[in-house]
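Chain lettering (A, B, C, D, E, F, G, H, I, J, K and L) follows the sequence in which the chains are written, and residue indices restart at 1 in each chain.
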């Protein structure tokens, strides 16, 4: 059985709706160019505020994917 | 163009509904006395438990706002 | 008045729905065998990805409960 | 039942006697102007040295208190 | 000579008297059910406040003990 | 001799010139309203970029000052 | 499909041979009482020294395993 | 309004002149191949020493830029 | 003399043999597409377990390499 | 006015009495060979346990002192 | 080819001019007694404040040097 | 029974063979000048790369030893 190698990159997803949705936004964008996405880890959660309300959720995630052989 | 100065404070918002809602509760309270809120960063997420269920979500955030000139 | 002692354990809850729901899944499982759960703290938030979408949210929490006298 | 909001501030208490006493010194000073102090967390413990002995214990704590409605 | 294996658990001791006493309270409770306690490490020191004074010291420690063969 | 108590606050200074100048900008602003500033600690150093060049240095510092008796 | 729940515990394995072997020693001991071990994470690596040579490697790992339904 | 997605990469800039200049060196190099650089964060600051003097400042920064749609 | 610029990426190498071998596996894979690899730093060491034994060592490393001029 | 240079070293003090006393033990020992001790910072607090009670408090401190000109 | 061994020590350099200059002050002092200084890493950056202005920059660095054979 | 005092120093061992061997190289060198070495802790593991292969493993360890009375 072979020994896989993975690469990890950091992406910041944003959303006006929720913290979970910001992660999904990042995944949609990343999966358009990267095959074999395997896992994510939340690095930090932030947001911009306008008129006392959340304008955009900004969630930084680390994304792991299989490197092609 | 001027160089702005910002202040950061730590607030703990709570909610019976969700982690995102606890952050919104903190923002509503903070915006009643602070103008020019600009961004937040989640510091940690906790909660109290009662009878095996989440009683209150408790989310500590750092809040940044513009200091008046 | 007595001085209580608490124990803390780490549990990873998973969910196909949301990060908050993964925490609730962990609490349901833990409360079936542990009485007196008192609080939780989120340690990290991860997830597995399949076909570019989140397969399972995986949230590690620390759980505190009262030790029996 | 209502959702409370708390504020956290950092104070450095000092004492010639002990590390615990430095925390109490900070609490006495803080409670003179802040009502509803609820909890503290020790951030770090330091001290100044003079002639090979501890001159002042310096303990930085984070103080949480209820924000008025 | 054999290679030992140790287990580490997290306990929160509380005390109305001092931070050191909160650790001792945790040890007394843990030693009633665990043999072969070997060492502890302080993870964090907190406390609850009532009427501007420390109500309970709360010290989280990691406890190491020898696993039976 | 008395036991002093200090408060620490977080400020973000900005500057178009340099990282050191961003700290000085924060100090000028803070000293206009706070007497008895005693020390600062750099928390993090960031910056905004425009057309491939640094637009503003943004340095977050923790500021310690003596609380009045 | 069901949502699994995992528990994580900390074990310190020791070995006179190597750091990797200390991890294996911990796994052998843990697997004698815990079924469904799934993954480990190295927390820290230490060792005792005698006469200028390594006496025992001591590697602390976090062990994750599936909780029975 | 759309939800943007950003990517973050780590670059080490070097300079014989100053720590700030090492950051600028990294930005000049990065902006030659990446459009839409938006912000940087200093990760760590190091340097090589030769004959008791700083030979090269080495500053690791995280660079954020907008991913094309 | 010129001021070099380096890029750092994160790779996860795996191996059935040892933790050191997992790092070598990552280097072999990375060097097939990246010239001028200069250094690595271990970020974390994990592994999957099957039937009580290590199935794959998984070592995350940060890899630094010279960016072409 | 001159610019001072300080050196920092790490010492572990032990005591059978208390955590504060372990720090004092370290200072007494260090001051016998180092002049101009200026400050200390607590790095971590541990202890050995025997028969369910604390045998020795072990407190690691960082010690700062003025380097002679 | 031989395997070198390096030692790392922590020094705090101070300067009235700049953060970079505080590092240089530390290097000048260290190089007067230590040969073979090889690299430094910034641990933290602080400063004392007097009359609202920076009195002394205080930069703690870790210094690596080759141990003689 | 007396209260011991220990000193901790940081050493970087290197090796062309393995990460464990780099630690042993550091111990051999340190034990030639320091008596009473008691324990080590791995701080970080790095390495230099040449032609896509590991040139030298570089492991930073903290070394604890008993201070003479």
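Things to note:
One rule holds in what follows: contacts are C-beta pairs under 8 Å (C-beta built on N, C-alpha and C of every residue); 3 or more make two chains touch, one makes a residue touch a chain.
As the structure is a computational prediction, the values presented were derived from the model and not from experiment.
Least step count on the touch graph, chain H to chain K: 1.
Any chain that touches chain D and also touches chain G is listed here: E.
The distance from the centre of chain A to the centre of chain L, with each centre set as the mean of the Cα atoms, comes to 38 Å. One inter-chain figure worth recording: chain E and chain J are separated by 23 Å, centre to centre, where each centre is the mean of the chain's CA atoms. Separating the centre of chain B from that of chain H, both taken as means of CA atoms, is a distance of 31 Å.
Touching of two or more other chains is recorded for residues 9, 19, 30 of chain D. Chain pairs recorded as touching, per the definition above, are A-B, A-C, A-H, A-I, B-C, B-D, B-F, C-E, C-G, D-E, D-F, D-J, E-G, E-J, F-H, F-K, G-I, G-L, H-I, H-K, I-L, J-K, J-L, K-L. By the touch criterion stated above, chain F contacts chain H in their complex at residues 18-19, 44-49, 52-54.
Only residues 19-20, 23-24, 27-28, 30-31, 37-42, 63 of chain B touch chain A when the two sit together in their complex. Those residues of chain E lying in contact with chain G across their complex are 1, 3-9, 62, 64, 67.
Partner chain K is touched in their complex by these residues of chain L: 9-16, 22, 25-26, 29-30, 56, 60.
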